[in-house]
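Let me give you the structure first, and then I'll get to my questions.
Chain IDs A, B, C, D and E follow the sequence of writing; residue 1 opens each chain.
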Amino acid sequence: MITFLELLANGISVGAVYALIALGFVIIFKATEVLNFAHASLLLVGGFIVAKLHASVGFWAALLIGIAGAAVLAALIEFLVIRRANVSSHSVLAIATIGIDIVLTTELTRQIGADVLALGDPWRDQVLHLGAVSIAQTRVAALVVAAVLITAFLLAFKYTNWGIAMRATAEDSETAALMGVRRGRVSMGAWAIAGALAAVAALFLCVFPTPGLDRSTTFAAMKAFPAAILGGLDSTTGALVGGLIIGVTEALMSGYQNEMAFLGRGIGDVAPFLVMIVVLLIRPAGLFGTRELARV
Amino acid sequence: SEKATGGAPAASAVGSDGVKTGPGVTADTITLGLMTDLTGPYASFGKSLTQAQQLYFEQINTAGGVCGRRLETIVRDHGYDAQKAVAAYTEIGPKSVALAHIVGSPMVNAIKQRIEADRMLTIPMAWATGLLGSEPIQVTGTTYDIDMINGVDFLVKEKGVKSGDKIGHLYFEGDYGESALNGSKYAAEKLGLTVVEQKIKATDQDMSAQVAAFKAEDVKAILVSVGPKQTASLVGVSLAKGMDVPFVGSNSAYSPQLLPTPAGPALLKDFYYITGGAPISSDRPAMKKLAADYAAKYPGVEIDSGVSAGYAAAGIVVDALKKACESKDLSRAGVVAAHRSQSAWGEAFGTTMDFTTFDKPASLLSYVAKPDKDALGGSVIFKEAAVSDLAKEYQVPVG
Amino acid sequence: MSRKTLAVSAVLLVAAVIAPFYLEGFWLQAGLFAMSAAIGAIGINLLTGATGQLSMGHAFFLAIGAYAYVYFASEPGQGGGHALGGLGLPTPVAAVLAVVIAGIAGGVFSPIAGRLKGAYLGIATLALVFLGQHLLFNAEPVTGGFNGRAVPPMELFGFVFADSPALVIAQVPFGALERLWFLGLAVVVCAGLFARGVLRGRPGRAMNTIRDHEIAAGVMGVPVARYRAGVFVLSSMYGGLAGVLIALVFQRTVPEYFGLLLSLDYLAMIIIGGLGSVAGAVIGAVFISMLPQVLTRYSDALPLVAEPGSGGVSPAEAARLLYGAAVVVIVLFLPGGLFGLAGRLRLPLGRRAAPVPATKNPSLTPSPDTRN
Amino acid sequence: MTGPDEVAGVTGTYQPAGMDASASGVPRLDVRDVTVRFAGLTALDAIGFTVEPGSVHAIIGPNGAGKSTCFNVLSGVYRATAGSVRFGDAELTSLLPHRIAALGVARTFQNIALSPRMSVRENLMLGRHRLTRAGFVSAGLRLPSARREAARHGERVIEIAAFVGLTERLATPVGLLPYGVQKRVELARALCMEPRLLLLDEPVAGMSGGERREMAELIVAVRESLGISILLVEHDMGMVMRLADAVTVLDFGRRIADGPPLEVQSDPEVIRAYLGAASEKEETAS
Amino acid sequence: MDVHDPRPPEDSGLVVRDLAVNYGPVLALRGVSLNVPRGSIVTVLGGNGAGKSTLLRAVSGTLRFQRGGITAGEISFDRVRLSGAAASAVVAGGVVQVPEGRRVFARMTVEENLRAGALGARDRRSAAEARQDVLTLFPVLAERAGQRAGLLSGGEQQMLAIGRALMARPRMLLLDEPTLGLAPMMAARIADTVREINARGTTVLLVEQNAAMALSLASYAYVLEVGEVVLSGPAAELAESDEVRRRYLGIEARSEDDRDDRDAPLAAASAGRPVLTRWSA
């Protein structure tokens, strides 16, 4: 039972990090209907800046610069590529972001080289003990941050003009322009915010239970894909729920690996995808996603 | 047609000096291939290997070369990608007499058939058991399973693990992890221990769930056959969660780059790794000279285990070439034959290897090394090389 | 086919046939990689380009093809410390069965493939890659686990596609690569012609309509879900065929190869070559699979590209940078891909229809909710 | 309000020139008590009407009355919550769209639903889908059967294109055509299905006066030469009055009138809900 | 209906002078000049593809979404130059367009669509007021406030599109075929609405296929053919012209009585249409 609780706590805490990454996907998807594969490299950029600067300017300043840096880079991607692309479909744009991701990741991993970079966070390796269960403080922080940000975005999308403008632009940028929406600003803003979120997510992805940022950090972002899809690509709530489900699934499947040896060891990494497939079979647009409307 | 094909066995010829030559050998040059990882997950290791080998060949050339010929290298980066390795082999294979190193067992596996067909002396920089059993392929020192057997032995003898205990083993999917697991399971069975397995992928970063699982089973020690990053996470999380047990890693589980990270202190506490090759900080004259030469040639470059491993591998190849020259046969087959005639190689580097058989590891001797902030290469010998009785009895699965 | 295309095809074919007599092994092998990639890319272009179904799981079907071939063709035996199964079937039979199995695997996925669209389908198929690799690593008796398995050489009517027995034609020694070259060429041409027939015929129209307007397709009599699933199966079979060929070239299957990056490569191929056409798929495949090889090969001559290990941008990195940039540039400036570019360059010579203006609700994944 | 019996009496009188409708294999369409509910909204509320073989039957009603929804039920795009639709012996409510198409029910869309990058010819050939057989294998291998089939149906496509006046446009990508022409392509594509029942959803919306006239003539020509049943949704009352043999009026998903055009036009309920007081003078203009 | 001087001063209201627009190689407008005096309703007639929507796009600054651009000429509204301005600036200047084909935001609710309409409004405080007006005008929008717009019927969507534009409290409204697909009563309602909006001081430029309605609403009309203004004049005068009657009102000949025209049998085989026989196979 203790093990179960511990695994559950672990799962929830990792899930919070996935949720933060997934939120980045969701925001860009809502704003531009693009599945942003370059999110992983934004993560790397944010983390890289923090790692490089924390020693000289202190952690919090470095974090701010990292967030700003990733936001600027994301805005640049929007400005230089997304805005200018004249594509026949959003899938093509998604593939274009794969191209961007490859370029950025290649260059960044070249910069990072073989190093494992610490981010200099204040939590270090402290853990929080809740009875017999212990959770890393970084993860508690991640959970709180994720919950706060996700709620904030949920409200923002629904109730602010910014949210309305963003969704309008996503659906039909020409008509949105007729409403006086500045398309450039809106979608660039969304990208910048997603970039900033990526830096925050990178922080939690690269601190304590993991040793630091290195070239393989981007792979961790892959797990946020099933999280985002499972929850529904256009739902902020979905990002949170999806992240948690993926985190918990992964933790339980890894933790009970011995009991499930018949599924093959290492099932912990595959299980999130299996869960996603099952959910999609029942709900093709994820748990909270809006079903595509069909009428003629 | 002057077409050079990779497929057809190139004709052997006899040079003016009466030495039989084949692909990769001309009247005044000998070409060696290096298939390394400069852009993939083992980039730093690959870089050290390559630089150390180039240093070695340069030294040999300065001293007059081998068999009156200069040594030349062709380096190809496969980035830990099997297809690139196959492509690279097709390119450089026909031009090389031997492969002074190739990083990663998946890559070796991918071209194994061709290496055997070409009878190309090849030194893998990987220690999976599956690489044994092939005449031209020479795994240096111990394999991962031997290391783990010696590691379990070390735990029982010096770390208070006793019969009936459980030990954890965290390992990578793939031949590295699974061949290490073979060793630990064998040793555990012999010593009355139970192994709690946790298999992960190279992309996993956070070992919290695995630690929880180990903790639930109340393991008394943990074996680690993963990458350095996962090691750091595992060790760090374990200590933070109050699971204070000894850790014993395979030689690829540790890297000095981890010491400055938050996991550094945990690694310094109770972590050891097992290696067939002596760490570069060991006080053998050969190692000291290598460290000095390397620092002179590549000033400011960090030294890690790749330097000594690569240098020794280069030595193996060059000695095989020298021996082949003595018997006037520098064809690939000649080089392999010459290589296989040596039964006690490498005293100077601290591990004596027997190359005459190829279905057994060249050595059963493992060092226990321990991270050390101040030491060259980030580690020191904790326990001199030794063979456990278990390892001697162990039948290596070959195939 | 116009006279000009016919002439161009003839020239290309002749060049391809005489290539093995002049090219060294490295290029032949690179060419074989490109051929395998071309087959796979044609398959995914049927799915993603023509039918508008995003798939990131193509590597899975290549793996199925490659491993099924090995399993069917190998004799049971030992390897990597455990027993390896095998059926020891004649290799051509094994190859055909492998393609069929890949198709069946695609069919098993059809409840998903028939229902999902866009990003959702993309990520769902991504799951196949992870699942696939998990199987490859764990189903040891079939796959050989992490060690992979040796690939039995193809043998057609007593002719072995391997280095031995030795064969010399016109003073050129014909090894495995030379022999496979012709096999590969034949397979690519057939696969290309077949796909062209499909695209230009009744199924192709139905596929394009599903892409452009799913509901209209259904109302016009196209069984949409069945067609979606059918195209998925067909594309999987192309993937399987590409897998068989790549296995024959590698001579050994390794699980690592069939990963996410391979799937992404295929998407890049069809974007770079041009969505929806056979020629586009082939051009893209050649581009993506040759780029790293060319850069590595001429790394000494290229100013930007440093020697491996010397600290600069390595050929592999340069290739990836170029590859990524190419995808972006093509999306930005050449919406029709390189094949479209070829068409545009031909424009002054031949008569071509004016470019189609972007429609208001353009779609690879149509959103039927807008009443367009 | 008119009852169903009277309707049959009125509409049954129409016979296409020189052709016996029932003998030509065009069955009757019987819509009975069809109800469609969307979350919290009843789009169709137990409506019913009958389309006599070979007749032109119009459905009119205010916006949002459920006309397109009715079409969507008839063509299988929506599933009815309750009720039955019988086309001859076949019950349509349980069938998928392509099955309904196979029975010879063709439709056009209120909003153009063509493939913009395909040529007119290709778009029309799609209409032949239900009449042709070539599958992946025979198309891929270009079997003689597939070629023969393509040639034979290609000829019919040319015939239909000529009939609709698209001969010159056959090779043009649809996306390049003016709106009015695209509407004709829609009609032609539906004709290519060799339908027995043709559903036209606002065929002249967005067209100029001249084009409307042409389209109306075309619809008459279709009925004259093919003798098929046509179900028409249109807001252009002038056109409805000229073309229709019978009219069903929907309002808020309910049938409020049903009968011959002139009768329906003067129904006070219809005037209240649909035509408006202005209708008398308005209709001449449209 | 207020009768305007057909030739008002050239510099108030919307002034378009010598406008040329192209979409890549396609020249869509050439030398188009027109004037919509402040407070008036002016209509532009023209067949399909004549360039009516293009004209409105040029005014609204949304040509670039269609890869088009202004190559010559000027557009100004109340002496403020609009040509070259961004779409948002045009809206901020009080010129709002109801686009052709409704273009409601299908995935957003009716309520959210209306809020989107107020995004570019000059005066945010009046949004609530504007909303009230819109809902009074189209009560169905209040009933469906929470429904996703994509599920509305065509006519409902058209109402939403107009309501959405009114949320910005425009000084000038550009209407692109507002009665497309609307029931006669609703079309009449829209006509009344346009009149009403105009009476409250909003200048209206109306593009319509329903020429009869457009001509009855407008004081002045232009006829656009293949990108050029071919006719213009007071609406009542144009309504009497043969050309307009034949092409845009669909009436064959001037002399014929309307009612006769309608009742005249539609000749199926007219104009040498080939006969289609049944397919037998």
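What we mean here is this: a residue touches a chain if its C-beta (ideal position, glycine included) is under 8 Å from a C-beta of that chain, and two chains touch if they have at least 3 such contacts.
Model, not experiment: these values are computed from the prediction.
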Going by the stated contact rule, which chains contact subunit A and subunit B alike?
C
Compared with subunit C, which chain's mean CA position is the farthest off?
E
Mind checking the centre-to-centre distance between subunit C and subunit E? Centres are C-alpha means, answer in whole Å.
50
In angstrom, rounded to a whole number, how far apart do the mean CA points of subunit B and subunit E lie?
77
Could you grab the centroid distance between subunit C and subunit D? Build each centroid from C-alpha atoms only and quote it in angstrom.
43
Which whole number of Å gives the spacing of the CA centres of subunit A and subunit D?
49
Residue numbers in subunit E touching 2 or more other chains?
66-67, 101, 103, 106-107, 150-151, 154
At least two partner chains per residue is the criterion; list those residues in subunit C.
137, 215-216, 317, 354, 357-358, 362, 367, 369-372
Using the touch rule from the top of the page, what residues of subunit B touch 2 or more other chains?
39, 47, 173
Can you list the residues on subunit C that touch subunit A in the complex?
48, 52, 54, 111-112, 115-120, 122-124, 126-127, 130-131, 134-135, 137-139, 214-216, 260, 264, 267-268, 271, 275, 313, 317, 320-321, 323-328, 331-332, 335, 358, 362-365, 367-371
Any idea which subunit D residues touch subunit C in the complex?
75-77, 96-98, 100-102, 106-107, 109-118, 122, 125-130, 132, 134-136, 138-142, 146, 149-150, 171-173, 175-176, 189, 193
What residues on subunit D touch subunit E, complex-wise?
24, 38, 41, 60-65, 68, 110-111, 131, 152, 156, 159-160, 162-163, 165, 178-181, 191, 194, 202, 205-213, 216-218, 220-227, 235, 237-238, 241-243, 273-276, 278-279, 282-286
Mind pulling up the subunit A residues that touch subunit E in the complex?
86, 161, 164-165, 167-168, 171-182, 290, 293, 295
In the complex with subunit B, residue positions of subunit C that touch it:
21-26, 28-30, 33, 78-81, 137, 145-148, 150, 163, 166, 170-178, 246, 249-252, 254-257, 261, 292-293, 296-297, 307-309, 314-317
